[in-house]
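This report refers to the structure that appears directly beneath it.
Letters A, B and C mark the chains in the order given here, with residues in each chain numbered from 1 onward.
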Amino acid sequence: MNTAKRINRKYKYISLISMLAFLGIWYLATAVLKLVPAYSLPDPVKVITTFVQKFYMKVPDGATLLQNIWASVKVAMLGYVFGVVIGIPTGVAMGWIKAVEKIVRPVFDFIKPIPPIALIPVMIVFFGISLQAKAIIIFFSTVIPCIVNSYSGIKQTNQIHLWVAQTFGATRRQQLFTVALPSALPMIFAGLRVAMGSSWMGLVAAELLGSTSGIGYMISVGRALLRSDIIIVGILTLGIIGILISVMFDLLEKLLVRGGSEK
Amino acid sequence: MKKSSIKQKAGTILLPAVGFVAILVIWWLLVSFTRIGLLLPTPLEVLKRFIYFLGNPIGKAFTLPMHLLISLRRVLTGFCIASVAGIIVGISMGRFKPIEAIVRPIFELVRPIPGVAWIPLAIVWFGIGETAKTFIIFMGGFVNIVVNTYAGARHVDERLMGVAYMLGASKIQAFFRVVLPSCVPYIFAGMQVGLSTCWMAVLAAEMVSSFEGVGWVIIAGQDINDMAQIFVGIIAIAVMGLLLAAFMRFMERILCRWRERGA
Amino acid sequence: MSRKAVIECKHVSKTFYTLSGDHLVVDDLNFTVYENEFVVLFGPGQCGKTTVLNLITGLELPTKGEIIVAGEKVTGPSPKRGMVYQTTNLFMWYNVMKNVEFGPSVRGISKKERRKKAQHYIDLVGLTGFEKHYPVQLSGGMQQRVGIARAYCNEPDIICMDEPFGHLDAQTRYLMEKEVERISSQEKRTVVFVTNNVEEAIYLADRIILLRNLPTSVKKEYTVDLPRPRNYVSPEFLALREEITRDMDPTL
């Protein structure tokens, strides 16, 4: 046991105590002192019970927690996959082919600042409250960061590396696959990560505004019934899934992006 | 020589125009000759409506610019509070180990929750007034700004701190002359992301519960099935987003002048 | 020479506590530096030279022993002890003038006075006309000059220089060695200069202190009595160079 490790451990304890203090204060303020009404902020024990109960109970929103998660994840995956499949090639084409860049870039620059959330009513008018509507919202949330990052990833390819490839007689197409794409990979990957975050946000907004299932829907039912324990369980679930996703991305990044990203 | 430059100019003006014209034409064709026309207005109708709303009220009281200003004021209020709080929290977490140990676990819990997920809770807590909206917008921006500022504060060059102390700086002087300036680029990155998240959050908040603002314009359009009004709202948002982003880039240029090479 | 002792290192040891274990880097180091003397600490790479300077300037504190500078025990960084670094440690967000006047400025010296002082040292290091430039716009050699001016402008009792030319190309390096010699003859100061380049050591030093490999301590001292400016290829120069190279531990 050396000195540095001991100091590190000390801070770990402080973190632990801080977490416990947070829960303690929360418990004290709600369950013991009753500073706020229970419909506004339930005590932590109540939140945990509700969380556990939601695994097998369908009240009040008509589905268990896992069913809600699956409903949300299903839509998110659908929109996300489409967004990635279309976004990355578009971005790469924009970065690699001059004509495409000239034509698409201005249009894209105009579309980029539109928050996907603003499109929700359009989709609801078109498709009603349906899976397509949400999937398209998520598609938009995904496709934009994918295009931005793969475009600038390709654009930032080191010109010297391209010249080196050229002197070895690589065709333009070979240069793309052997130099430009690999060097853009970290950037593209970062785009995938950003896209995941923004599509998750788009999904929640879509489910709050018009949905009949999913975590966002569960939260809005909680709000309508003044069941803040349900709302908090929903928010925590979103947080936990968010953490899981980012851990998954960390692992994937380690596996795929060898050589690491330049920072 | 001259010929090629004319050709080049034509390229930079003509090709982008091709993109926009193509989109407008497709839009117009779709509306005129397919059943989508039942739902979607022509580009010309949208433009007309946009101009009309510049001087005439949407809903009861406000013209389009007024709605924009209302949303803008909300965003700026929440964003400014988020910036100040985010910078303070981020820097104190990055610079003081005990504070990091205390705050970080709680922050890590909040971080992965999408900003819009706070909307129902905010409404339960604060009703549907301005406080709830400010809170939602705050949560949207805060997380991004803390994450970036924290990274910046941790990257402050310790040797440079040593230089400052060795030249006679007090802790406070070292903070304002070394820590803060070296965090500025990170803070700015965070504020840029934060601003666009705040903009999303205000939209979502206004769409869920509000009687004015651009988000309301859009959702009111959905309620009366008026697609042109929805589009007017979306375009207004895009323009505003572009302006805000440009403003942030301008500020960054001024504050981070020292990072640019060249005379 | 009055032979007044300015730096006294007495039985100094330093251990670093890291996650991978405890590292003894300096072990019972003893030496003295006299007023207005130009001393070169010379040792193989990674032998703890930077650590010794950090101890003298007070950025690190010794685990054992004590260091006395100008009659005071070192307990932390102080404006009385200046430092020029291996890599340029300029404040990238300040222009040349603001970098150089940083010390006087934080000590509350009036703007007029500190501007005058800073200008004097900017002129001394040959950067007249570059006052408004930001560090990114300067070459490596120029950045080092700013670092030197910044250290001198604070008018410390001693100035430590940590391989200030290690990152420069050979041509610039020779030029900067000449410059440092000129500056230190114009502005007499007590200087502790660290290098792992034997020619640089002999060219600049009044006295050379040879350090051992890790954990470091003094191995041998040489007084350099050659007339200045020194000739890199004079027989005495070459002989001393031969001797020091023979005595030096190999780099780890």
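In this section, a residue touches a chain if its C-beta (ideal position, glycine included) is under 8 Å from a C-beta of that chain, and two chains touch if they have at least 3 such contacts.
The structure presented is a predicted model; accordingly, all values stated were derived computationally and were not measured.
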When you draw the chains as points and link the ones that touch, which shape shows up: line, ring, star, complete, or other?
-> complete
If you take the mean of the Cα atoms for each chain, which one ends up farthest from subunit B?
-> C
Pick out whichever of the two, A-C or B-C, is joined by more C-beta pairs in contact.
-> B-C
Provide the C-alpha centroid distance between subunit A and subunit B, rounded to the nearest whole angstrom.
-> 17
With chain centres defined as C-alpha means, what is the inter-centre distance between subunit B and subunit C in Å?
-> 49
Taking each chain's centre as its mean C-alpha position, how far apart are subunit A and subunit C in Å?
-> 51
Per-residue multi-chain contacts in subunit A, two or more chains | none
In the complex, subunit A residues that touch subunit B = 11-12, 14-16, 18-19, 22, 39-41, 99, 102-107, 110-111, 113-115, 117-122, 124-126, 197, 200-201, 204-205, 208-209, 216, 219-220, 222-223, 226, 228, 231-232, 234-235, 238-243, 246
So in the complex, which bits of subunit A are touching subunit C?
-> 2-5, 8
Which of the residues in subunit C come into contact with subunit B in the complex?
-> 54, 57-59, 76-79, 81-83, 85, 89, 91-95, 102-103, 106-107, 134-137, 150, 154
For the subunit B and subunit A complex, residues of the former touching the latter | 11-12, 15-16, 18-20, 22-23, 39, 97-98, 100-106, 109-121, 123-125, 196, 199-200, 203-204, 207-208, 215, 218-219, 221-222, 225, 227, 230-231, 233-234, 237-238, 241-242, 245
Hey, which residues of subunit C end up touching subunit A in the complex?
-> 17-19, 21-22
